[in-house]
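What follows are several structures.
The same subunit A turns up in both complexes below, where it pairs with subunit B and then with subunit C.
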Partner chain A sequence: MTVHLENPDWGMVLPQLIVLALAIVVSLLDAFLPREKHFTVITGVSLVGFGAAIVALLTQKGETGETFHGLFRLDGLSIFMNLVILIAAVLTVLISASYVEYLDSKMGTGEFYTLVTFAVLGAMLTASAGDMIMIYVGIELSSVATYILTAFAKRRGTSLEGGLKYFMLGLFASAILLYGMAWIYGSTASTGLDAINASLTATLSGEDANAGMLFGLLLVIVGLGFKLAAVPFHFWTPDAYDGAPTPVTGFMSVVPKAAAVAAMVRMMVQGLDALSDDWTIVLAVLAFVTMLFGNVVAISQRDVKRMLAYSSIAHTGYMLAGLAAVQVVDGVANERSVSSVLYYLISYAFMNIGAFAVIVWVQHRGQGTGLDDFSGLASRSPLPALAMTIFLVSLMGIPPTIGFYGKYYVIVALLDANMLWLAISIVVASAISAYFYLRVVAVMYFQEKAADDTDRTVVPSTLLNVGILVMVVGVLALGLFSGPIINLANDWTNLFSIAASAAGQ
Partner chain B sequence: MADLLYLIPLLPLVAFVINILWGRSTIRGNAHWIAIPAAVGSWVLSIITFREIYTDHHAISQRLFTWIPAGDFNIVVSLYADQLTAVMLLVVTSIGMLVCIYSVGYMHGEDGYYRFYSYIPLFIFSMLMLVLADNLLTLFIFWEAVGLCSYLLIGYYFRRRSAGNAAKKAFIVNRVGDLAFGIGIMLTYWTFDSIYFHGEDGILEKAYHFADYGISEGTIMAIGILLFIGACGKSAQFPLHIWLPDAMEGPTPVSALIHAATMVTAGIYMSARSYTIFIGSENAMLFVAVIGSITAFMAASIALTQHDIKKVVAYSTVSQLGYMAFALGTGAWVAAIFHLMTHAFFKGLLFLGSGSVIHGMHGEQDMRKMGGLRKHMPITFWTFLIGSAANAGIFPLAGFWSKDEIIVGAWVSDSHYGKVAAIIGLCAAFLTALYMFRLVFLVFFGEERFDSHVHPHESGPWMAVPLVILAVASIFVGFVGFPPEDGAFHEFLHHAFEHVHGHEVSMTMTYTFGIVSTVVALSGVAVAYITYMRKAINTDELAERFSGIYNFLYNKWYVDEFFMAAVVNPMKDIANFLWKVVDVRIIDGTVNGVGTSIVAISARLRRVQTGSVANYALEIGVGMVVLLGVFLVAFGNLF
Partner chain C sequence: MDLTTNHFLFVSAALFVIGMMGVLTRRNILIIFMCVEMMVAAVGITLVAFSHETATINGQVFFLFALAVAAAESAVGLAIVVALSRQGRAPDVEEMQTLKN
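Up next, the complex of A and B:
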């Protein structure tokens, strides 16, 4: 095969280029700017950079194409996922600025944002990947940055411990993922997703796949399941989430997870749709185990941050359930399935980062993250308590919050796919989750705190307040206006499905 | 204008948001400067909308967004304004605007002033959305929203126990109606496969041609009756009217806006909106007519014996709503809406007028402690007199035209019950004139019966100007329905009821009924004059002699007592049984058992998280092997 050079279409990768430039600019500013200007300048530059990337992304709406020899794809899925990731990035900047500057070992603002930006870039590249190599590189880029972020509070032992565990197990999982990809390459002689799809469609034509192919498929699911924190590959999650600085926990519960969901959709729906009979069963079982395990174990946690770690495992289960409803028939996926997962990700980004943001807020008042630190919050600071209640109610899935609509669309997708049992499991799992979410609400509203123990220090937190307000509005409004978003997801996934089926023929 | 339709409800919503967020901290006593411009803006836009519909003769609709897209069941939130909606828009925004202005004077210096000016715009928003709804579900949501606003405003003086109880009573009684309404909506969807009113596949078309769709008349009747029971709750029809008189615990401007002019007419509006369902079933129509006429007569008779000025006006409202209902039931759709409109003006006027009296009397509401107020508050007196005359149906004021039309409509209707309804209507009209002028004579004439330290005073311009505007409206607004059965109003509203084929009403009959009802009304006034001005009849002695009837009326037909004995107390007993036996023993036992076992499982499972990386890696590895093994054996063609 001769390699012929062609000019890449730079316009197509503009949002990613902006984020890359942002990472470089931030690291340079960190090196050359006087220390006292770091906070305002770097935070400002980061917000502007991510904002510019969002604008660049929105101008691409409705376009499709590929470049870098098919490594990079621009389609509905990539735009939607990149949008979710960038929104999560903006929210992360809002909630972490003052935390990084003043709390928890006083970490370096510049380094912190450089790492966040690289993690975001990795996630964006994964979402736009058209090739297994690109998926792997994107996931690794985002993972490595996240390992470091987890251990970023370098004077706190738990942070280092969490980071190290995450790193070691992460390597393990990356190896498994790569091994699985190698098996798939071995069976289809290609790393490009469309080419894999074409080869599978051609060789299978009604027959069962060979064992090597299935082996590769399962290893990929295990590898990505690790990144998603699906049971039983979730063991790193509680320790890493608990140890990481709280804004990082919020970040890593959304952005790397979004990257893994994107990778899962790309690999399964776009690359391996011919095997959907096989992998939907695996995903359904994983989803079932994950949502029940996450919710049940969350009950016995006494620390709100650790409780939310288990809750985020449970939410992985809901997303996997949405994906399990995909049922690819003749190259066309059940469109509600992918769009319900996309919508779930948006809802999850707002409510989960929101819940962590309120923990950050409490930490700004010199408190810890235990359940006791939340007692009597409603009488001391009614607004943060109200915001926390809204986020928790949304995580539980109660209308009219966005979390309800997220679950609703997943359940509708499952019913379309005749997977009633999984739909019922979601409802049961949500009922279990009410126990620990509402306990926080009860503690905030009905318990009093010992008088000498209130609000030891107060750290300024303007950006954090703005962030919490934005997320409250998002959780309430995006649910009420879920129609336009789900239609957007539908349109874009339709485009994606059409492109996929066109490529498959 | 079609593009700006959404602004009509949006303006009050914005006012609500601003006042509820910043009212307590910054805006405080200036909250009305947020609410009034919003209400005026809505009013101006409503007039523009009305003009457009009037000249173009077709409805305006605006699609806002898809709320829930789920396959066949799409809920699109869109606004729809036809002739019927246009009339309602004008009524709601006009009265809403005037009440906002009036309350600046009335609510001055009250605790929670900002709260008042938050809830009122919220109410206006909800009511506008209710009349702009193009499907039953949106209508139902805002139906509940206006109920919520009503609850909040009845309980405005929440430190007063009676206000809290009245608010709860209103809410609970409305639940009864709403239950039926909810079932009615489900049955509608089940029957017609649609919740949208208009269009080829809409409810109205399908209900009109129900036989073509294989729908039985019984189903249509069931839907009609269920919907009307819903209307009974909101529009205070017998026997669910009991909440409305108690709702007078709220501030008087609220009574004028919500419990006289707008919200309580929502039931009438909803029934008129789904008119083809009622046309389809004679029995449903009969049901509506019977309930309406009972309500009209009963409430008028109760009003005769009440001493609280607001209670009299409240029972008068119930009675007038009864007129509207039996107009619906006898097929006089346009007349019902006509009366709704005129009633909004004169009843709003009467409530604001009694508010002015109460304000001037430093909070006194008992008519036995008033008298001779004519000299002290001339503006209030003259405007109140006009409102009373309009309510009594005296020629040529607004109430005369609409009430007369209802009675004529009932008389000529196909229904056998129509003539009975017309006669009951005439009796109630006599009582209306009697209690209305009893009130006027007791409050404004005769000797001054209040304590010497009370100095009644006329209200300021904030309150007086809306009174004058409403009085002028109460005089002239009836003429839009002139000549009877064929006025500009009928010409206009006729388009909203395209499936209604009206009856030819001869001129002779119009004149006859016009004269009869004028005579009836004037004789009511005359009896009131003889009794309360001349004192030719001793009322106390009369009450003594006919103590049975008097007590029956004074105790409001014992409807409240009936509900206590027949519904509330048995319910309490059942609830106690459910609580102490079923809930505590059976349900709690089961739930706690399940809960405890899940907590126990959770405590076990968390031990899997040992903290050691080696364990984790092993567990992940085992998980992977199990997954691979099971799957490859079960599904792969390996073996």
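Up next, the complex of A and C:
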């Protein structure tokens, strides 16, 4: 066997290289810069770095290709996913700067952003993976960095406890995921997704897959289900989200979840689309259980942060529903399915990080995260209360916010795939969710705070205010102008064309 | 008796299940770490066995990456346990009850 080594196409990995360089630069700055300059310099460098990565990414729009012997892929899916992840990273930097400096963690801005950057890098690599090895390493890089971020406020017992629970179940899940990948490798003799796809199509030809293959598929769904926080693999979610520093909660509800969604699309749609009859039904059932469970349990929560944790479980359900609509017929997948999930992710990034940003804002005013801490917020500070209302209404899915369009595209994809029952359950689940989202709004506007203790320590929060403003504008505008975004998302279908052109050479 | 790929697969499946039962039943966090490491090692046997069976190198490369990842994970896990013990808490899952709804 001869091995041909070719020079990798470095231009293709430019956004990822920029993020890697940013991680190294930030960790060096953390070590060598005087402590009092950390806040301004490191925050600024992080924003510039992520911005440069977004610019580099946008210049790649429309290109396709693969490098590093098929480990790394550039296609519509990777571009859109990387864009979502980088936007979430910028928003996270905006909302966490003053929190890390003044509140809770006080552990050092440099360490915090280094970890955030590595988690972002792992998620980006997962989204651009063309091989199971890359998917595994990318998803683990993003998870390990997020475990540390969850336990970042190491003087607070709850943070460590949440981090430990997240860590142990994440470790367990990745062992299961790895075992599933091993069985898929054993059944198809390759770890490359295109090669797996070709091998499956060749051996199946109308017959049922062998037991080892289905076993591997099941284990991969379980492993990724843990990472996604799908019911019944969700039990780490409330504690980890509750214990983590609030900006981290916003971050981990979007970036590792986006990585897991990307891994799911890569594994299922790109690698195992010949088995779509088997896995779409599993995903549909998972989606149904997840969205109902998340919303029903969220009703009984008295803590806004914990309530949003359950609500994020429910939103995982909506994304899985979009994936379940893939339905490959004659080698052609339902185009709208994955693009609806991609659009949902970008809407989720804006509205969910936004909701956590307002909790961070309230914490900057010396308050906690309970429902009582929000009572009378509208009379004390009308603008954050209005922002929170907009985010919650969007999470609920009411027009003209971005959340409505996200759910709308998922429902259209489901109707295309003749899955009316799942479309109806999304509507029912959203109706249930209105109860607990609107309760926060009611508490903010119609309840007075019993003891007036508004004069607690106030911490400066300029960047946070900018971040909230950006997200409000995003939630209101990106829904109404969803056309270009959904067009960009529709490019995901070119992930099949690379394999075809490689086979044709 | 000749050793076939199936023998290796059975051993690795047995190890994987033993590790899994350990994770689900043990109370001590350090023991749980060891059980997860055992699960990863069991997957390694599967990967190398399949690598031999299919005459491809990917499985062995995959396991090298998985080992590196597992080492990084243990470092993080032990760091969290050390931070917990600094607060005077035992490495016991029964004590992790502060976060409840």
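Going forward, the second predicted complex is superposed on the first by the 486 of 505 C-alpha atoms of A that agree within 3 Å, B and C clash if a C-alpha of one lies under 4 Å from a C-alpha of the other, contacts with A are read in each partner's own complex, and residues count from 1 in each chain.
Just so we're on the same page, a contact is a pair of C-beta atoms (placed from the backbone, for glycine too) under 8 Å apart; a residue touches a chain by one contact, two chains touch by 3 or more.
Treat the numbers as computed from the prediction; the structure is a model and nothing was measured.
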By the touch definition at the top of the document, which applies to A:136: first (subunit B), second (subunit C), both, or neither? second
Name the contact category of A:487: first (subunit B only), second (subunit C only), both, or neither. first
Please work out whether A:147 is in contact with subunit B alone, subunit C alone, both, or neither, and reply first, second, both or neither. second
Looking at the overlay, does A:9 come into contact with subunit B only (first), subunit C only (second), both, or neither? neither
For A:435, decide between first (touching subunit B), second (touching subunit C), both and neither. first
Per the contact definition in the header, classify A:236: touching subunit B only (first), subunit C only (second), both, or neither. first
Please indicate which partner A:282 is in contact with in the superposed arrangement: first for subunit B, second for subunit C, both, or neither. first
Quick one: classify A:165 as touching subunit B (first), subunit C (second), both or neither. both
Just subunit B (first), just subunit C (second), both, or neither: which does A:300 touch? both
Taking the contacts subunit A makes with subunit B in one complex and with subunit C in the other, which residues are shared? 164-165, 168, 172, 176, 238-239, 300-301
Write out the stretch or stretches of subunit A touching subunit C in their complex. 1, 132-133, 136-137, 140, 144, 147-148, 151, 154, 157-158, 160-165, 167-168, 171-172, 174-176, 178-179, 181-183, 185-186, 189-192, 238-239, 242-243, 300-303, 306
What part of subunit A is in contact with subunit B in the complex they form? 164-165, 168-169, 172-173, 176, 208, 210-211, 214-215, 218-219, 221-222, 226, 232-233, 235-236, 238-239, 278, 281-282, 293, 296-301, 408, 412, 416, 432, 435, 480-484, 486-487, 490
Touch list for subunit C against partner subunit A, complex: 16, 19-20, 23, 29, 32-33, 36, 39-40, 42-43, 46-47, 49-50, 53-54, 56-59, 61-62, 65-66, 69, 72-73, 76-77, 79-81, 83-84, 87, 89, 96, 98-99, 101
Per the contact definition, I'd like the list of subunit B residues that touch subunit A in the complex. 65-71, 595, 598-599, 601-603, 605-606, 608-609, 611, 613, 615-617, 619-620, 622-624, 627-628, 631-632, 635-638
